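Data block below; observations after.
The letters A, B, C and D name the chains in turn, as written, and every chain counts its residues from 1.
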Amino acid sequence: MHTTPPEQATEPAANESLRQKLNRIIFGWESPAGKLFDVCLIWAICISVLILMLESVEWIVRDYDLWLRTAEWTFTLLFTAEYIARVYCAKRRWEYVKSFYGIVDLLSILPSYLAFFIPGANNLLIIRLLRVLRIFRILKLARYLSEANLLMRTMLLARRKILVFFSSVLVLSVIFGSLMYMVEGPAHGFTSIPKSIYWTIVTITTVGYGDIVPQTVLGQIISAAAMLTGYSIIAVPTGILTAELAQEMQRDRYRRSCPGCKRSGHEADAAHCKHCGTALPQVQQR
Amino acid sequence: MHTTPPEQATEPAANESLRQKLNRIIFGWESPAGKLFDVCLIWAICISVLILMLESVEWIVRDYDLWLRTAEWTFTLLFTAEYIARVYCAKRRWEYVKSFYGIVDLLSILPSYLAFFIPGANNLLIIRLLRVLRIFRILKLARYLSEANLLMRTMLLARRKILVFFSSVLVLSVIFGSLMYMVEGPAHGFTSIPKSIYWTIVTITTVGYGDIVPQTVLGQIISAAAMLTGYSIIAVPTGILTAELAQEMQRDRYRRSCPGCKRSGHEADAAHCKHCGTALPQVQQR
Amino acid sequence: MHTTPPEQATEPAANESLRQKLNRIIFGWESPAGKLFDVCLIWAICISVLILMLESVEWIVRDYDLWLRTAEWTFTLLFTAEYIARVYCAKRRWEYVKSFYGIVDLLSILPSYLAFFIPGANNLLIIRLLRVLRIFRILKLARYLSEANLLMRTMLLARRKILVFFSSVLVLSVIFGSLMYMVEGPAHGFTSIPKSIYWTIVTITTVGYGDIVPQTVLGQIISAAAMLTGYSIIAVPTGILTAELAQEMQRDRYRRSCPGCKRSGHEADAAHCKHCGTALPQVQQR
Amino acid sequence: MHTTPPEQATEPAANESLRQKLNRIIFGWESPAGKLFDVCLIWAICISVLILMLESVEWIVRDYDLWLRTAEWTFTLLFTAEYIARVYCAKRRWEYVKSFYGIVDLLSILPSYLAFFIPGANNLLIIRLLRVLRIFRILKLARYLSEANLLMRTMLLARRKILVFFSSVLVLSVIFGSLMYMVEGPAHGFTSIPKSIYWTIVTITTVGYGDIVPQTVLGQIISAAAMLTGYSIIAVPTGILTAELAQEMQRDRYRRSCPGCKRSGHEADAAHCKHCGTALPQVQQR
């Protein structure tokens, strides 16, 4: 179930221009050509991300350098062509360029060109950074994760509560971190308050690397308190999200009311009112 | 509560053949003989899996090699006899062989024979693999975990949402992993992007082995963000599953089928079938 | 809110015997003497557990050995007196002795006497074990955790589902453990299948000690899958418990119906029907 | 949504005194001056906490000592002025001083003065402690986390259940810890029962540092049991909080008060006050 972006022409006209045709293929997914385009794009994104990953493995670079460079430039040119086509055929061009996907599409090709045009050694940090940033191409996939809508809506509803939760976790981390710095001190690895706070986050989220570990008795008591706190407060965001999600899913059911008895609360697949048996108006499939 | 597989003859006839009798014992569980067969089979599976585990402990192999080999072949022959009997007495033989349990039953005996017939040293990787694969015999137990039906049904209902969640976690892992590779670099253990992604999954799921650990300040900030992300988004699948499960449990409690269209899935307070509008038989209040 | 055990005489009679009086004090909590007895007992249990803990700290034993022994025997004699008094004044003696609390009360004094009467060096394993088992005295506190009733009831309702969940986790551990044993092998710390299964449980529960860590690429991929599995299926017991708990809490509300309009669903603190305003019958406070 | 503290004058009078004006600015947030004051205060708190953190980083202290001292004293004087102003303009002074925020405000300035007036070396533990305690200034932010009200209310409702949960976790930790001390012993790092209990909390909360690790087979079996226990019982507080939160959110949405008895907390579908039976004003459906 895709949501329709504003750039898309939904119905094919008899005598449409090349631009309208392209629009239907690139932004749409209902025609066979549009579906094919989407599938190819998903594969292209996944393979190009895979190549980027392989580029970081030493022995692969040593043995297959040419292959990797060729593939990288092929994909860059391909995504460039896609970006140009999208700008060309979008209904409101400037809006597409400014949209989330427009920026992601641009960022997925820019680093390659910048790394090419900036002179100097290939090993400069800025170049390495630019090359790795191409990994954000994977965000282009977000277009296809459309079931995420319900989840996003729920999180948006709960965002103030979740923000408060996050602030509380941070405040707790600052307090526990400072206490641990005071109690354990630099001799046991807690070299500064920021590092202690990092350790507290590692502990509260129950990750627990074990690179820094409390060694005094008091430090172990305080960290046990921090662990139990972290272990319990994970219940808070879960509770918030579950409660919101249950309401959101239920609200979907209360959208239709029976023409006979006016009562609502029917399930999504109901064709008749469960109270009086009257036929219900059909919901349009999204 | 077992679900009835199609291969089973549910009612004992007066003059049934050997095949029908075997079918009732092997596939059924209502007769005393069928119950006894099931209990024996569960014990046989558990013991054979235990033996397989013991075979991997060095000092046990050294001291009890003969015992283990004898037991192993006894169970293999026993499961072979069971498989032959099942194929023989199944109502539709080919369907049983192709079913999930049919394949599992075959796979639980095949590795032993293959390891026997393939010539060569006993320590070859392929042989070791075949011997360990016998562990999948434990899947034969799935037949008896029938309370799992409600859970499976719920997960099936929520599968698209959970898939989206998993994709998001993977996309997050790719992005955080690439950033960490860039920031920390091979000197601190992040030798390649795939390894960084492995590290990110270890961190986001809050496992936190501590074999690779961020050492720069920026790396620690990014990993703190990754931890907090992982710590919070665990709420998402929990929320999804809880909401779906609550609905499913409510629906389950009052499962009535419509006298008109034979379809079920009506809610507790429904007086009419939601599919065709026929009046439903009333449920007696408990 | 305590539940009334069958051994307790609820109403004080005018001319009650010593046994009845003791019963009211020891098993009851409504009279001031009964309350005082309970508070003293809770303190005694906590202090005796604390002493047991201190006995395991080397320098404390060295410096305060006499104090610890004295305190230990004081508490043992005190709990012995309590046990004898309970047996003496219980309404049905044999039932108390056989009950959960009767056994716990006995076990909390037995180890001390056994350690005293069994001749030989004080450092024998059996003695050490007996002394540590006194820690189960803490279970005597269970009597006072009476809010746990709702939680216990919920878990009892969900026990089959939770059992299925546990079996699935164990089956998953066996399968992942065997695969890891095969892939990583004894050279990387996975010395046997049981040890691999231990490692898998450490990973699936997201504990992640880091004492054994996958080192091959395939091993890291499999363990990433195990982590993600463990990270997701934690949602299952949470979902089950939440759904059951919500129903259980709601059912508490549906116990009263209005004498006027016969509708139910009133909250615990409601004195009037929310539909028609009729006065509701009062719930007796438990 | 701020809650109105009792010290605040809510409506500006025509001829108000300086004290009333100050009160409106400092305790209020509706006037532009009050808003500005709040925003400045939040920034001041955050920066002063940041400075405190930086003071613990060695190379920053070495290079920027003077700057840090100056900033620290500036903020101390600023918060002192704020505290004096608050005491001066609060409606009921003594109540403010005794309130949670009054104590936090005082504690946020006291350590600096104490560290200044107590003679002796700057490196004494007491001084270091006092200086770090200034971190509690961050609690002054609690005033602004007002969305936390719903969460706090829910946790208050669930406090008895959560207390029972915590007690159970502690009892489990004591029992598992003692067993592990007995099984593994001081040779494997379990040097005393308190240390074993610390290890058990690290394990049950799934933190898993890996500094102490079971090495015997029996120890590994017991710790696997502890992990699975910890992994499952996290479901309990989540279930409790979710169920309470769902109820609280539903009740919150339709908070009406009765015209008869002025009490609120009625449900969405209530037509009569559940306390006194008076007809309730109807809520308009959104």
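Operating definition for what follows: a residue touches a chain if its C-beta (ideal position, glycine included) is under 8 Å from a C-beta of that chain, and two chains touch if they have at least 3 such contacts.
Keep in mind that what you see is a predicted model, and the values were worked out from it rather than measured.
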item	value
Pair of chains joined by more contacts [C-beta pairs], A-D or A-C	A-D
Distance between the centres, which are taken as Cα means, of chain D and chain B, whole angstrom	43
Approximate Å spacing (C-alpha centroids) for the pair chain A, chain C	42
Distance from chain B to chain A - Cα centre to Cα centre, in angstrom	29
Distance between chain centroids, defined by C-alpha means - chain A, chain D (Å)	31
Contacts with two or more other chains, residues of chain B listed in rising order	165, 194, 206-210, 230, 234, 238, 240, 242, 246
Chain contact graph, described as a line, ring, star, complete graph or other shape	complete
Parts of chain B lying in touch with chain A, wherever the complex brings them together	160-161, 163-165, 167-168, 171, 174-175, 178-179, 181-182, 186, 191-194, 197, 203, 206-210, 213, 217, 220-221, 224, 227-228, 230-232, 234-236, 238-240, 242-243, 246-247, 265-267, 269-279
Touching residues on chain D, where the partner in the complex is chain A	49, 52-53, 55-58, 128-129, 132, 135-136, 138-139, 141-142, 145, 147-148, 150-151, 154, 162, 165-166, 169, 194-195, 198, 201-202, 204-211, 230, 234, 237-238, 240-242, 244-246, 249
Residue ranges of chain A touching chain C (in the complex, touch as defined)	206-210, 238, 242
